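So, here's a batch of structures to check.
Look for subunit A in each of the two complexes below; its partner is subunit B in the first and subunit C in the second.
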Partner chain A sequence: MSIEKTEKIRAFGFVVPALLWTVAFFVIPFAVMVVLSLAHLEGRDVVQTFDLGNYVRIFSEPSLVKGIVVSLEITFVVTIVSVLLAWPLAWIIAMQVPKKWQRLAIMLAVLPFWTSYVVRSYSWALVLGENGVVMQTLIGIGILDEPIQIMATRTATIIGFVHFFVMLLTLTIYSNLVQLSPNYARAAQDLGASIWNTMRLVIVPLTLPGIMTGAFLTFVLCIGDYITPQILGGGNELTMPQLIMLQLGRRGDFPMASALSIVLMCIVTLAYFASARWLKMERV
Partner chain B sequence: MRNLTLKAVPVTVALLTSTTALYAEGELNALIWCDHADAALLEPFEQAHDVRVNVKEYEGTAAGLAIIDQSRPGDWDVMVIDGVDVGRAVDLGLLAPLPVDQLATASFFPEVVMAENNVINGVTYAVTEKFGYNTIAYDRTKVDPADLESMSGLWLEKYAGRIGIYDYYLPMVGMVGLEQGINTADLTPENVESLRDRLYSLKAASRQVGEVVSSQTALATGEIDILFGGGEWLTAVLAAENPDLDWTIPSEGAVRWAQSIAVMADSERQDLALEFVKYVTSPEGQARLATSSCYWGMPANTEAGEFLADDQKAILRWDQQPEYLQNTQLYPTPDAELDRAMQDLWTDMIQQ
Partner chain C sequence: MRILSWFYLALIFGFIFLPVVVLVLFSFQDSRLPIPPFDGPTLKWYVNVIGDRDLMAALANSLIVSLISAAVALTLGFLAAQGLSRIHLPGSVAMRGLMIAPMTVSYLIIALGLLNVFNSIGIRPSLWTTGIGHVVINLPLCFAIIFAAMGDHQKNAERAARDLGASDMHVMFLVTAPMLMPALLAAYFLSVTFSWDEFIIAYLLTRFDVTLPVEIWSMLRSGLSPATNAIGSLVFLVSVALLFLLEFTVFRKQKT
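Up next is the complex of A and B:
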């Protein structure tokens, strides 16, 4: 056996564990889910029909269509708001905080990550409630005369999400910012650019990989999240993960749950392709 | 067409989340509702029989059946199940016959023996252990009780935005059916559809549609003043903190829930499982189950009263039970078509 062939076999050997892992825990379950999504529930039995009935229902039943729309609306708003809040925060930490304090600043910024996701959501439920800190403060300083409803609304869901994802985005954008040479900004200003134009035309475009990586992760995690809308949304509208759980927990309709999951996966895939050109993980 | 059981398909969440080893000696594996997870209920049995009771909580019969479907035969010894779904489990061959002479049903409230549910073709497969009501819970300081003497009070303008709806379609569609003069046993896919406008208008007047914990939280924190679907199971655990929380059964009636306990047909510890059933339905076990930390409810066994304190009986409305039992109906028992119609309607209502 030639050395070259031995090297190829050895290289392949390194890949095999990852390949087996992916096949066992992604490819096979995904294939089973696709097949199951082409079945339907007849009475209480799963009947394999290999038709697209579930997909037709998803895009024709108003309650299911609304689930997709609600999920997309919430996800887009959360992603945009999180980016808008995280970028300045990351910039302040990376550019304004002295180097020796940056580690502490980042740690403080992501401190809420240390608490349980469910506990954090319930905490928001108490904070945003009628007798919560937010409402009582607004009433106390005279901005409101009486409480308004935030809890059990889409706004509460978005606030809960944004709180979580700003931390995530701050990390990805910060790690991108600290890799930038200060010479970029100096060069732009030497050439007459204002601070605003330096930011807009130089710094922000250079941090696009960090922004897009964080935004993509935000999109994926947000659109697939069940807990936050369940706790903070008040059950007043259902997102896709809630609809999936409803099929599983209440109806025992695994085919429809599979079909909804595949639609969800397709949406995430589309989001990936839309942002792929900026996704440079080595830059964050 | 090929009928698939597809046992391998549903993710094995249930087994993965089961925290204790199955098949160990001196153990009993129980598929339960959360009220059975209370140590105060389990420990006396564990000490008396020198065993460990491993519990796995579930909500909703579909979820319970999915867990069993993903388990190996014999994994589970005991199952707590919605009283109206016993027949469904028997049809699937899941439950073992129980020896009638060893059950304490003679001292049960007659209305909750529920032979029509627990006895199939003359064979007893389950025994009722606890019951209560899905009705209307409210805060006495914010709601005029007179308004809720009729269920139509929920649609009063003054309570718009102050109502929470318990997110469980079976009792809730049943309740709205009662309000419209339809008995729970008479619900059909056609007349369920006629409840659509009534449900939509209730949703429009409500603040949230929530499961147990979020409903409790909302009522306790004053987010809502009325919980449609609430009852003693929701207010009892909050009574110490907020004695103003109350519940009522309106003139149209309410829906009565009842949970049964059964021994699994494939259990390899049938004797021990039966002992557990006997313990849970004994007066002492019933009193502990009635006041379980997860939620309270009336014990099926009237002799449990001897083991309950007066204040506990007052919270459970022990003395009003004859009247309540008279004025309430069992959950709807839908076939697949009706179940689908009810669930579709419920989902549509939430998405309004």
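Up next is the complex of A and C:
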């Protein structure tokens, strides 16, 4: 056996444990899920059939169709608002804050990351509640006469999500911005571009990889999250993850939960292909 | 422009910190509801929380699961990166893709997949099954971070060590691992953090022994309470303290 060949076998030996783990606990569960999504529930028992009944139901039963629509609407709004809020923040930290304070500024900007995820949603429930700080303040300074309901609406879900993803996007956009040479902006301005045009035509396009990477992560994490809509949005408008958990909890309908999960996964895959040409994960 | 910048900075920092400030402030609330007006300060909720046996058991469970699952993910990820970076194997690209794949799938879906499998072969939910799930989500992360950190100078140093007669084990522990220390630490701490804070996998894959996020979740069911604020603030303060400790020890050294 050649040295080259023994080297290869040895290298492969290093990879085997991780591969086995991934196959056993990721690939096989996924395959099981696909098979199970073709089964259906009779009474409380799962009967293995091979038809697309669950998928037909997902796209015809109003409550399930609505789940997909609600999830997509929330996710799109959250992604766009988060990008719009995070970009200026990242830009100010990268360009206006003195170099030696930048690391501290970024650490501060993402500090609430370090609260536990469940607790963060709970905190927003405190803030946005009928007797919470925001309502009390607005009533106190005379803007409102009585509290308006934000909790248990879509608005609360969106605020909770935006809070989390502004931090994430600030990180990806900032790390993109600091890699840009200041010469781009200088050149544009020397050639007579206004500050506004420099931003719009030079700096923003150059940060597209950072924006798209962050936006993709936002999309994936947002559409798959159960906690935030469950704590803040309540039960009026269910998102896809809430519907999945409902199938599991109330009825033990594993086939339907599996089918919904696969639809969710397909949506994420579509989002990936839509943004793939800008995704440069290694640059962020 | 400057004034506008500072104004925006103040506004957005206000938004970012609002829930954290409210969380911490009302953990010192004297009455039973964590809403204004503030009538503290008192430490009774902290005493309450630290004396809560279920909560402390959950905290210990979370620590165990996160430290161990992160160590397993790190080991597997390190070995795989080592194997895939050293030599070009047939199917290298496919193997890399497979290793990274779980990163793009929602935790809920990974949890449901594992639950299906464990149900069908009769394995009961426990901290072990949760740990397995956490390795699945952290392995791609560890692999990607370590793989990205392995460069040519790495390979040269390893080759030099081997030419000088070091065994595989020696090369790995005396050359590769020390050179990759910053990446290894970053991968480990990120994995611990993700596992520590992970909810949905732990929720679906535990039953009697639960982790901290699941225990906090069940506290929420009984409504708003300053006790929830207290445990939330406690976890936050410990995480931030650890973060600053790391920043000023490990990662400071790495830069010089």
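Here, the second predicted complex is superposed on the first by the 261 of 284 C-alpha atoms of A that agree within 3 Å, B and C clash if a C-alpha of one lies under 4 Å from a C-alpha of the other, contacts with A are read in each partner's own complex, and residues count from 1 in each chain.
The rule we apply is simple: contacts are C-beta pairs under 8 Å (C-beta built on N, C-alpha and C of every residue); 3 or more make two chains touch, one makes a residue touch a chain.
Remember, predicted model here, so these are calculated numbers, not experimental data.
Legend: residue contacts after superposition of the two complexes on their common chain; A:115 is shown touching subunit C, with no touch to subunit B. In the overlay built on the shared chain, the residue A:237 is in contact with subunit B alone; subunit C does not reach it. Legend: residue contacts after superposition of the two complexes on their common chain; A:44 is shown touching subunit B, with no touch to subunit C. Contacts of A:92 after superposition on the shared chain: subunit C is touched, whereas subunit B is not. Between subunit B and subunit C, C contacts the larger number of subunit A residues. When the shared chain is aligned, subunit C comes close enough to touch A:14, but subunit B does not.
By the document's definition of touching, neither partner reaches A:192: not subunit B, not subunit C. In the superposition on chain A, contact of A:254 is made with both subunit B and subunit C.
When the shared chain is aligned, no partner comes close enough to touch A:142: not subunit B, not subunit C. In the superposition on chain A, no contact is made by A:182 with either subunit B or subunit C. Across the two superposed structures, the residue set of subunit A contacted by subunit B and also by subunit C is 29, 32-33, 36, 122, 125-126, 129, 131, 231, 248, 254.
By the touch criterion stated above, subunit B contacts subunit A in their complex at residues 1-6, 8-11, 59-60, 62-63, 65-66, 88, 161, 165, 167, 169, 207-211, 214, 217-218, 221-223, 336, 339-340, 343-344, 347-348, 350-351.
Interface residues of subunit C facing subunit A in the complex, by the touch rule stated above, are 1-2, 5, 8-9, 12-13, 15-20, 22-23, 26, 33-36, 76-77, 79-80, 82-84, 86-87, 89, 95, 98-99, 101-102, 104-110, 112-114, 116-117, 119-120, 132-133, 135-136, 139, 143, 148, 168, 197, 199-200, 204, 212-213, 216-217, 220, 224, 228-229, 231-232, 235-236, 239-240, 243, 247. Across the complex, subunit A meets subunit B through its residues 29, 32-33, 36, 39, 43-49, 62-63, 66-67, 122, 125-126, 129-131, 149, 151-152, 231, 234-238, 243, 246, 248-252, 254. Per the touch definition, subunit A reaches subunit C in the complex via residues 7-8, 10-15, 17-19, 21-23, 25-30, 32-33, 36, 85, 88-89, 92, 96, 107-109, 111-112, 114-120, 122-127, 129, 131-133, 136, 163, 166-167, 195, 220-221, 223-227, 231, 241, 244-245, 248, 254, 257-258, 261, 264-265, 268-269, 272, 282.
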